[in-house]
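The following pair of complexes shares a single chain, subunit A, combined with subunit B in the former and subunit C in the latter.
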Partner chain A sequence: MGRQITISCFRFNPNIPGDKPRMQDYKLEEYEGMTLFIALNDIREKLDPTLVFDFVCRAAICGSCAMLINGRPRLACKTMTRNLPSHFTVMPLPVFKLIGDLSVDTGKWFRDLQMRTEAWIHTTKKFDFNALEVRMDNKIAEEIYEPERCVECGCCVACCITANIRDDFMGATGINRVCRFIIDPRDERADAEYFEVVGDEGGTFGCVGLMACDDMCPMELPLQENLAFVRRKMAGAGLKLTFPGIKL
Partner chain B sequence: MELAKNLNASVNKSFGKTDLLVDLAQSISGVILIGFLWMHMLFVATIVVSPELFDALSEGLDKYYLAQFGIPATILVIIIHIFLAGRRAPLRLRDLRITYRMASLMKHYDTWVWVGQVITALGVGIMASMHLWTILTHWPLRAATSAARVASNGPADITWGSFTFPYYVVFYVIFLIFGEYHGGFGLYRILVKWGWWERHTMGWVLKGITVIIVVLGLTALYTFTKIAANPALGGAIH
Partner chain C sequence: MSAKNTHYCDVLVIGAGLAANRSAIEAAQAGLSVIILSLVPPRRSHSTAAQGGMQASLGNVAMGKGDNPQIHFEDTVKGSDWGCDQEVAKMFCETVPSMIRQLDSWGVPWNRVTAGKKKYASGIETEDTKEKEGLITARDFGGTAKWRCCYTSDGTGHTVVFVVDTVVCKLNIPVHDRVEAISLIHDGVTCYGCVARDLRNGELNVYLAKSTIIGTGGAGRIYAASTNAVICEGTGGAIALKTGLVPLGNMEAIQFHPTGMPPVYILMTEGARGDGGYLLDKNMHRFMPDYEPKKKELASRDVVSRRMVQHIRAGFGVDSKYSTQQHLWLDIRHLGQKWVWTNLREIANIAMNFNGVDPAKELVPVIPTQHYTMGGVRTNKDGAAYGLKGLFAMGEAACWDLHGFNRLGGNSLAETVTAGYICGKQVAKYTLGATQDFNMKVVEDAVKFEEENINNLISGKNGKENVYDIRTAMGTTMMEHVHIFRTGKALEQGVAKLQELYKRSLKIGLRSSGQGANPELALAIKMPGQVRTALCVAYGALMRTESRGSHFREDFPKRDDANWLKRTLAYWKEGADLPTLDYEPVATPLLPPGDRGYGEASAGPVKK
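Our next item is the complex of A and B:
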C-alpha cells in the first residue's frame, strides 16, 4: 500500500459570488510513478469535481500546469509526489490573473510580452517559397535552441520579487526571449533597436539579480547567463560602445 | 504589463538612457564602495602587524592628502549609492508584504539573502554615519587614539569583574559583520547581473574573502583592546 498523502489546495473561485479564499485538504493514497498531475486528477475524479486547474500536455511542454508546490513554482506534471513530503500545499502562481483555484491566465500576460518584445524575426528579405531555406550554422542553431526551450509556464515571473512588485517588469522569460532574437542572425534588428525593447527598468535594467528564476526554471534554462548577456549587450548598445574581441 | 505600456513602447519609441545609466551607476558605486571597504579593512589590520606600521600608513595617508580627499569622496559615493540602490528596496508597505510573503513561501536562499542586504543596508547607513562622526571628531587617527576609542567603555578595563558594557567593541563587531555582509553579497549580485561567471562558485569565493576580512577585522579589534590596556604601547586605560 502506498503512502497516505495530504494535499492542501488553495480554493477560491472569483466567479462564484461570495466565495472566500481558503485552503482545503484532500487525502489520497500515493502510488508508483504518481505525479502531481495524476494526484490532482484523482482528486477531481474521486473527491471533488469542483477543483479547477490547468493541464494540456502532461509532459512539460505546454507550460500550463505551473503552480506553487510547497511554496515554489513548478510544473505539476513534472513533479513526482514521492519527492514531496506527505503533507504539502498547492497554490496558484502569483502575478497572473486568477481564473479559479489553481488556474491562472498566463495567456494574456504572455501575449502582452509577445507584442512588447516584438518576438518575431524582423527581416527585410522577401520570402521565396521556391528557394531552399538558408542553412544555419549548427553552433548558432544550438545557441538559439537554449533560450527557445522556454515553455512560457510563468514560473520565473511568479518567483521573481521584482515581477511581483512591479507589473511592468517583463521577467526572466521576457529578457530570455529577447536574448533568443539577439542571437538569431536572421533577425536584422540592430542592438539599438533591441535597446528600445528591453533597455529600461521594465526590461533588463529592472532585474535585481535575485536569481530565483535561475533556480526554479522547470526547463533549467541558463537564465543567469542569458540575462547577463542581454544586460551587457544592452549596456553596450545604450552607451554606443563596442568591444571588439570580447564575447559579450 | 498593461496595454498602455505596450502602446507607449510602440508609439513613443525611445526609452532614453536614464534607466541604463542609473543601473550602471548603482553597480559602479557598489564596486567602488566594496573596494573601499576591503582596502579599509586591510589598512586597519596593519595594527595586527605593529602599531608603528599602522601609524606610518595613517600618517602617509594624511601627508599625501589621501585621507582628506578620500573621506569626502567616499561620503559622496555612499550618498549616491543610497539613492541609487535604495530605489530597488521594497519600501512601500505593499512591497514589503509581497516580499515577505514570497520569500517565506519559496524559502529561496538568494531571495532571503537579498532581504538581509536591505536590512543590513539600513544598519550600515546608520552605523557608517556614527563611525564617521567619531573618527572625524577624533582626528588624526593613530594607533593609540584608535585603541583608546575602541576600548572606551569596557575592554581596556582589565578588571572584567566590574563589568562595563563594551559599547565600542560591540558596535564595531556588528558594524563589521553588517558591512561585510552587505558588501560581499552586493558584489555577488553585481557580478551575477553583469558577469560571465557561474554564480555558485563565485558565491563561495566571495564568501571566503568575506570571512577572511571579518576575521582580520575582529583580530584588529582585539589587538586594539590589548594596546589600550598596555601603557608600554602607549595605551591609556581610561
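Our next item is the complex of A and C:
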C-alpha cells in the first residue's frame, strides 16, 4: 500500500454567491508514478467534483498547470507527489486573475503582453509564394528557438516581486519574448523601436534583480542572461535617443 | 433565462489550434470579421505537443535530394493504404512547401542545412553542400522515401503554434478563450453558429455567423490511454454528429503510435526512431528488422505498432512495474548525450520528469498508444462539411481525407496549416458571397434546449448516473474491444457495452451544484456526445470486414479493394442508439491500389 498524503487546496469560486476563500484538506493514497495531475484528478473524480484546476497536455509542454506547490510556483503535471512531504499545500498563482480554486487567467495576461510588445515579426517584405526561403545560419535558428521555448506558464511572473506590486510589469517572460524578436534577423525593428516597448519600468528597468524567475522557470530558460542582453541593448538605445550620434 | 450574450461575426472559428488559427488568419485577411472560440488559450492547444515536424518536399537536405510533391504524394497514398482522397493529397503535397516558407517568413526558426560531411547514428553517411547551406533542412520519418520532415529542434508544434498565434495577435483577431461550444445552431439547411458555455462562469452565450469552422482536434480521449492532451475529446465532431445531418467519416481509422511512454502515455516522438533509435525486447534484441527487413523501425506507424504487439504476444514483452500491460524498450543511447539532449531534448525531459530515466544512458519503456483520429467531420476538398451549408471543418477534427486509414508522421502538423490556408480561402470566398437571415426562433429554441438539459443534469431529473464512471467505462471498453488488433466478436461486445453506456449517459445527474465554472457539469454536457463518437468508431470497425492501414481485423487480415475501397459515413439519427452507416466510393485516379512496400502484405509474417 502507498503512503497516505494530505493535500491542502486553496478553495474559492468567485462566481458562486457567498463563497469564501478557504483551505480544504483532501486525503489520498499515493501510488507509483503519481503526479499532481493524477492526484488532483483523483480528487475531482472521487472526492470533490467541484474542484477547479487546469491541465491540458499533462506533459509539461503547454504551460497550463502552474500553481504554488508548497509555496513555490511549478508545473503541477510534472510534479511527482513522491518528491513532496506527506502533507503539502496547493494555491493558485498570484498576480493573475483568479478564475476559481487553482485556476487563474493566464490567457488574457499573455495576450495583453503580445499586444503590448507587438510580439510578431515586423517586416516590410511581402511573402512571395514562389520564392525560396531566405537563408539563415542554423546557429541563429537555434538561438531563436531558445527563448521561443517559453511556455507562458506564468511561474516567473508569480514569483517576481516587481510583478506582485506593479500591474504594468511584463515580467521575465515578457523580456524573454522581446529578446526572441531582437535576435531574429527577420524582425526589422530598430533598437529604438524595442526601446519604446521595453525601455521603461514596466519592462527591463522595472526588474530589481532578485532573479527568482531564473530559478523558477520550468523550462530552465536563461532568463537572467536574456534580461541582461535586452538591458544592454536598451541602455544603448536609450543613450542614442538622448544623445543622438553617440558612438557605442 | 436566455443566452447571456449574443455575438455576431462573419466567420466563427471553434478551436484555436493550428488548423483553426490558420483558417482564421485567412478569413481575417479577406476582410471578414472573425471570432475564435477556444477551450484554452491558443498557445496551449494540443498542436503544441507535436514534436517531430512537418512533411514538405523541399529537397534541401542531402537525404532529401530529388524530392518533389509527387513522391510525397505517393508516400501519403501508400501510407493511407489507398484510403485517402487523392485529389486532396495532391493539392496538399503541392501546397505544403510554400506553407513552410510562409511560416518561415512569419518567424518559425526552422533548422537549416549546414554544409559538410555527416555520419548519422543509423550508419548513414552524407554530405550537404554549400549550395544548400542555410535553407530549411529535414529529418527522416516513418513511411517516406526521402528525408522530408522539417523541424525546429524538438519543438516544431510549439514554435509553429506560437508563430501562427503571433499573426492572430497582429491581425487583432478576438479570441474568446475558456469557452466551449456545446451545440451547433442550424435550421436544417444552414448552420448559424453555436451555443457556447463560458468556462469562467458557466454562462451560456450564442455566437451567430455566416460561416462556422470546426477546428477542435481529435477524439483521443475516448480511449483510456492516449497520447493526446486531455482536451482532445472530439467535441467538434460530436456536436456536428448531433445535428443528425452531418456525417463523421472513417471514424474506425484510429492511429496507434508505436511509442507512448507508460504510465502516463506521453508521446516519445517518431523523431527518436527517425534519428536512428531502436526498439528492443525483453532480451535486448532489436526485433523490428526481423519483421520489416526494409524499413525496420521506420515502417509506417500502423505497421510498427502491430509488429510490436505481435512481438509482445509472442512472449517478448517486458513486465511493467506500472501495470499488467507489458511494454518494449526504446533505445536511443547510441545517439549520444549531445544529440539526445539537443535534438531530442523535449522527450529527454519527458522521460526524465515522468520516469526518472535519462534516455542518453537508459532505456525508455514504450507501448503503442492511441494517437490520432484520421476520421472526423466529413468535408469536401474545400473543407465544407457534408449536410449543412456554412459549416466547415479542418485539421484533425475533419475527414478532409488526406490520411485515409493511416497518417504519416509529420503529415498532420503539415495538414493543419495547409488545410487552414486552402480551406480558409474557400471559407472566405463562401462568406463574402453569403447573406444570412437568422431565424431567431431557431436560436432561442437551441438555447432553451441546452438550458433545460443543464437544469436536468443539475437536478438529477433524468437519473443519477455518475459522469466519471461512464467516462472510465467508455475508455476501458475502447481499450479492450476497439484497439490495434480487432475481431468481429470483440467488436460486437464492445458495441453492446457502449450502447449500454450511451443509455446511462442520458441519465447523468451531478453530484455537485453545477454552479459557476463547474468541471463536472462541463463533462456531463458532452458525455453523451463522446459515447456517440466512440460508437461511430466501434460500429464502423465492426462493419468494415477487411484490414486497411490502422484498421486491422484479425478475422479479415487482408485489404479488400473489391468491396472496401470506400469511406464510411456515420450519421446519428435522433433517438437512435447506434449510428447509421453509409458509404461513398474512394476514387484512386492518380495512383491505383498496389503494394505499400512494408507491412504484412509485403513483408509477411515473421519467419522464426
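Of note:
Note that the second predicted complex is superposed on the first by the 240 of 248 C-alpha atoms of A that agree within 3 Å, B and C clash if a C-alpha of one lies under 4 Å from a C-alpha of the other, contacts with A are read in each partner's own complex, and residues count from 1 in each chain.
As a working rule, a residue touches a chain if its C-beta (ideal position, glycine included) is under 8 Å from a C-beta of that chain, and two chains touch if they have at least 3 such contacts.
The model shown is predicted, which means the values in this text are computed figures rather than measured ones.
Taken together through their common subunit A, the two structures put subunit B and subunit C side by side without a clash. Contact with both subunit B and subunit C is seen for A:Met115 once the two complexes are overlaid on the shared chain. Partner contacting the larger number of subunit A residues, of subunit B and subunit C: C.
With both structures placed on the common chain, the touch criterion links A:His87 to neither subunit B nor subunit C.
In the superposition on chain A, A:Asp168 makes contact with subunit B only, not with subunit C. Once chain A of one complex is fitted onto chain A of the other, the partner contacts of A:Phe127 are limited to subunit C, with no touch recorded for subunit B.
Within the superposed three-chain model, A:Val56 lies in touch with subunit C and out of touch with subunit B [touch as defined at top].
With both structures placed on the common chain, the touch criterion links A:Arg22 to neither subunit B nor subunit C.
Closest C-alpha contact of subunit B with subunit C, superposed model: 13 Å.
On subunit A, the patch touched by subunit B and the patch touched by subunit C overlap at residues 115. The residues of subunit B lying in touch with subunit A in their complex are 1-3, 5-6, 9-10, 13-15, 17, 19-24, 88, 90, 95, 98-99, 102-111, 114, 189-190, 192-196, 198-199. Contact residues on subunit C toward subunit A in their complex (touch as defined above): 40-41, 43-46, 48-49, 98, 100-102, 104-107, 109-114, 133-137, 152-153, 155, 158-159, 162, 165-167, 169-170, 172, 175, 177-178, 200-202, 229-231, 263-264, 266-267, 321-322, 346, 349-350, 353-355, 468, 510-513, 515-520. On the subunit A side of its complex with subunit C, the touching residues are 13-16, 32-33, 35, 37-38, 44-46, 48-52, 54-64, 78, 99-100, 103, 105-108, 110-111, 114-115, 118-121, 123, 125, 127, 129-138, 140-142, 144-145, 148-149, 151-152, 184, 186-187. The touching residues of subunit A, counted against subunit B in their complex, run 68, 71-73, 91, 94, 109, 112-113, 115-116, 159, 161, 164-165, 167-168, 170, 195-197, 199-202, 205-212, 214-216, 224, 227-228, 231-232, 234-235, 238-239.
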